[in-house]
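Comments concern the structure below.
Labels run A, B, C and D following the written order; every chain starts at residue 1.
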Amino acid sequence: MYPLYLIPLMPLIGAVINGMIALAFARKSSKAPEALVSFLAVLFPLASFAFVLAAVWPFLFQDVSAPRIETLFQWMASGNFKLDFALRMDRLSAIMAMVVTGVGSLIHIYSTGYMRGDKGFARYFSYLNLFLFAMILLILGNNLLVLFIGWEGVGLCSYLLIGFWFEDPAKASAGKKAFIVNRIGDFGFLFALFIISSILLKNSDAASSGIFNFATLEEHKALLAPMATVICLLLFLGACGKSAQIPLYVWLPDAMAGPTPVSALIHAATMVTAGVYMVARLSFLYDLAPFAREVVASVGAITAFFAATIGLAQRDIKKVLAYSTVSQLGFMFLGVGIGANVAGIFHLMTHAFFKACLFLGSGSVIHALHGEQDIFKMGGLRKHLPVTFWTFLICTIAIAGIPPFAGFFSKDEILWQAFSRGYTLQWALAFATAGITAFYMFRLVSLTFFGKSRVDHHTLEHLHKPSFTMDFPLIILALLAMTAGFLGVPEALGGHNILHHWLNLEGGVVSEHAESENFERLLAGASVGWAVLCTSISLFLFTKKWNAVGRFVEKVKGAYTLIYHKYYVDEIYDALIVRPVNWFSRVILWKGVDAGVIDGIGVNGSAKATEFLGRLFGLLQNGMANSYALYFVMGMVLIVWWIVH
Amino acid sequence: MIGLQHYLIVSAILFAIGMAGLILRRNILVIFMSIELLLNATNLSFIAFSRFRGDMGGQVASFFVIAVAAAEAAVGLAIVIAIFRNRGTVKINELDLMKN
Amino acid sequence: MESILFYIFGGLTVATALGVVFFRNPISSAASLVLSFFGIAALYAMLNAHFLAVIQVLVYAGAIMVLFIFVIMLLNLQADELHEKPFPKIYLLLTGLVLLAFLFAFAQLFQSAQWIFPPISESFGSIKAVGRLLFTEYLVPFEYSSILLLVAVIAGVVLAKKEL
Amino acid sequence: MILILAKILVPFLIIFNIIPVLIWLERKGSAYIQDRRGPNRASLFGVIRLGGMIHSLADVIKLLMKEDIMPARVNKFFYVLAPFTAMTVACMTFAVIPFAAPMVWEGVNFSFQAADLNAGILYILAISSLGVFGIMLAGWSSNNKYTLLGGLRSSAQMISYEIVMSLAIISVLMMGGSLELSKVVEDQSVNLLHWNFVRQPVACLLFTVAMFAETNRLPFDLPEGESEIVAGYHLEYSSMKFALFFMAEYANMIIASAVISSLFFGGWQIPFASTDFLRAHAGEVLKILLVVLAIGHLCAGLGLVKRGRKNIKAKKWGDRGDYEALILGMGALGGAFLLAGISAYIWPLIFTAKASLIITAVLQVGCFLTKVLFFCWVFIWVRWTLPRFRYDQLMKLGWKYMMPVSIINIFATGAVMLVK
């Protein structure tokens, strides 16, 4: 039985070693030995994956359900507040950990091919390993603070990796944007923690068992009940920041500035799902706050729809994927929001597979086209990049929700749950979104791979054929995207929802309809039909009737531009928040408070006072140094007198 | 019979003498020596008390005082040399650059 | 016997200390200061602080005062340097009053007191005991003092260099 | 009381008796090192010369008879005080030197040591650090720029080299674990391999060099660099005051040798003959010694007489000194027979415990003094072998080489002790 801490330790070691190498070669003109770096960078995540499997084994095959908790050391103890640095492995962590380390390893392998020849090679992998470390900590943390370390750690890594090519100011600022937006979310998260501690510290036995431990929270949730709604909403604010939900989703599209594997790992597969994980993990808290559930679900649904519509009109291949990620995350939040945690996590897993695959595929395309990202400059790559094409297609089908691929089952699970639990509005939005998703995804595929090539000949001649290290992960992920769905085939469709029973983590109020069985089949059929319909439309339009699209766009110019500019959300934020804050800090804080109050009264005032006193006592300073000694002695004598009498 | 108070009085007298030197001499070197006297007076009372209370902490304290005195002498004398080199005097009443 | 010794050494100490203050010539002051240190060392020895007594001689008489005399010889002050402008009478008077007040205060403190030294163990003040204390209970200040001395050495070198 | 006085006086006597010998040794040694004959003229009654040893006697008389000049414009008080300070301080160190193993005489502990301080070695350091005062005061009070330079040099030099000296000692103390000189000597048993110069060769070397510097002997005699600053700090002194400085230097030498031999060469320990062994077999040892001495005298006497007869044959009667050999030879033969007689007399006797105690003590003192004299000879030897350092070289050697080495040595010792 390996100790759990080996799992996060491995990537940490890798990060440290690669960081050392990067530092060692930072000043030198010679580049770091790529072979060595890639070997290390891949070795440690794989090792970590192996340890995860070893740790998960009993849960999978020996039907263990009790969480396994290992305390590394006591982290802090002040007053009656004490906290252990403990790791927790239960079924939820298990599935997350498998996804993270598995997909992570694959993406490491991919990166070794994708990043070849970059001058920050070692630095890149040290960041990536560090990210893996933080993510694992986030997942395995036994209490909210350890989780929060991971939370911040992944935030840091995503900042570092988005701004990886920091010579380009746009990319650097994208990194900053991500960081700052996340700060807002983290503020919410922290505030929630404060409230929790302020409540639970009053209770002695809660304090004695470490107030932030999930077990403790669940045990004493009754105490939290009055504040539950606030706590949950604040936590959800954090989740919004991390998982790019309205209103804090704006950083994710810009985050595409980073290397594509990073987008795949961090901004599709793992980090952005942290929020979902957190909500699922704290499901018992959300049960206390139906309103919070309502909010989460609605926000998820709205985000899904909103982002999907934006995705319709994007030209940048990665941007499209980014918005689809946002909308898929919306789905997940819908799932966990209504309390269908299993469905949410299930979708999280499948989405991790196919979205990672899609991103990596887009990465291959971009790589092949020397960094071209505009899909209107692509097309007809089917012949040139067969592997990429097939994997991409498979995953697109998966995301479009066409059976029997993974996406269908997970998404349909969510939809069904939403409907059956009476969140009809959200269900309607999500249902529409599913169709739109199919539409723009196939737009993407057809513009990229079908039709005749719009790539200029020069590029086409020297196409970077993706190396095997880049193809291999695609294939694996595509296979997973095909098959993973069968973990969660609902009873209605003749499967027996293995994941559901295994994970067994339902929240919220489950209100089964009487005729659910048939009704569920009906809905499933409907969504399939809807997906197929949109798919075929978009295929038809973007391959055959290209100019028709153009004409249509001309007709709805206004709407198109609106969508194309992402509903001007960035501009609105800029006008509503950024500018006022700047103005406030410049005029009020700087000119007013700092210059006026602090400098004027505080600094100069005290200086003036000191000067005055100095002039006063300066009269004593007659330049005869001995007399100073005399004064000093007088004072001392007085003290002695005072002591004596 | 000699008791604690005798030693304390000796140290007090030494202290007074040191302060007299501090107040009445203009030669920096002598002032330094007076400071050493002050330190020694305190040391003496330290050690007298340590003997009285049977606690060697006082001796340790005066040990530290001696160390400090050594440091102080080194730096101070270096300063005196520098002053003498730049201003050609060691009389404290002639070092009045700050006097307007 | 003990009291005789005490008065001898105390008297020596005080007398030579007076010499320090009232000799014109810095060398004389230094020499009498050395003697005063010897007196103090003897007092230490009478207080069972043998280690401190030796250290007193070693550090003060042997190192610090040598440094003083070295500097005095290096400066090699001439007569006009040695002559000091007398102070105003009022100043001297004030000083005398203050010092007397000081001593008087102390005398008040001790006038009625009769503190007799208790008997103490054989090893009191021996090098072993003090050293043990120094390296166990007072280790941190000890290290600090070492750092202080290092700083002092560097400062001395820098200050005494020809061109600052 | 008597005992204490004796303890205080005996070291002085020893010093004052060794000094003339050393002076003679210095002269003869330098002479032979420089391939000269050295002093050989002064004589008693025109006959006894003792290879120039009489010169030392003559010196003493000369120095006593000379006019004592008190230069004008000197600081009288310190001018007079300085030589006494130098001499006194030089002799003070002898208080803690153990001359022989402590013994129990009629139930009373008796240690051959004026004062067995528990801080003996610190005491040595303290006193030797005072040694500079005499020189500095002399240099300053003489009111002469050469003497002032000498004083400055010696003070700087001594301060610098005391550090090395102390550091070198520390590494020895770490092994001994005690600051009492007697303990240190005890620890290095009769086994030569346990003497500190084997266990601490680096420290031994450093300490010896530092001692050379402390005693202002060549190659460190900058305070009195004849060729540079006429005669350094004692330039203005004459007659007995000068003699005091002169003797102080030799006294310092003797002290240095004594300290070196007690710290590093087993003090009074006689190689391979432990105190107990000697006390057990005092009689035998004494008898054997007597016999050996008798034989020695016999050989010497015979040789001398032979030489005298050669002179007689050669009909050289110009100088009455030519009788010296004959007379000494006769004396030696007489001594030989006397010794033989004594040994023959005491041969059958059995020695009491007390007698054996005394014999042991005498033997050990003899051994100690032998070591001391040997190191004095080393001092002289080095003086006439090495050239003088330049001042910056001196400082560089002290601060840049010896001090780091001694610190490293301390660390090394500590490491070894940790491993053990």
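The rule is simple: a contact is a pair of C-beta atoms (placed from the backbone, for glycine too) under 8 Å apart; a residue touches a chain by one contact, two chains touch by 3 or more.
This one's a predicted model, so the numbers in the text were calculated from it and none came from an experiment.
Graph distance from subunit C to subunit D, where chains that touch are one step apart, equals 1.
One simple way to say how far apart two chains are is to compare their mean CA positions; for subunit B and subunit C this gives 6 Å. Rounded to whole angstrom units, the spacing between the C-alpha centres of subunit A and subunit C is 70.
In this assembly, the C-alpha centroid of subunit A lies 67 Å from the C-alpha centroid of subunit B.
Our note on geometry: subunit A versus subunit D, Cα centroid distance of 86 Å, whole angstroms. Residue positions 626-627, 630, 633 of subunit A are each in touch with at least two other chains.
Of all residues in subunit C, those that touch two or more other chains are 51, 55, 63, 67, 72, 74, 87, 95, 99, 102, 106, 109. You'll find the chains touch as A-B, A-C, B-C, C-D. Against subunit D, in their complex, subunit C makes its touches with residues 25, 27-28, 31, 34, 50-51, 54-55, 57-58, 61-63, 66-67, 69-70, 72-74, 76, 126-127. Residues of subunit C that touch subunit A in their complex: 87, 91, 94-95, 98-99, 101-102, 105-106, 108-109.
Taken together, the subunit A residues at the contact with subunit B in this complex read 623-627, 629-630, 633.
Subunit B meets subunit A in the complex at residues 19, 22-26, 92-93, 95-96, 98-99. Residues of subunit B that touch subunit C in their complex: 1-10, 12-21, 23-27, 29-30, 32-34, 36-37, 40, 43-44, 47-48, 50-52, 54, 56-57, 59-60, 62-64, 66-75, 77-82, 84-85, 89-91, 93.
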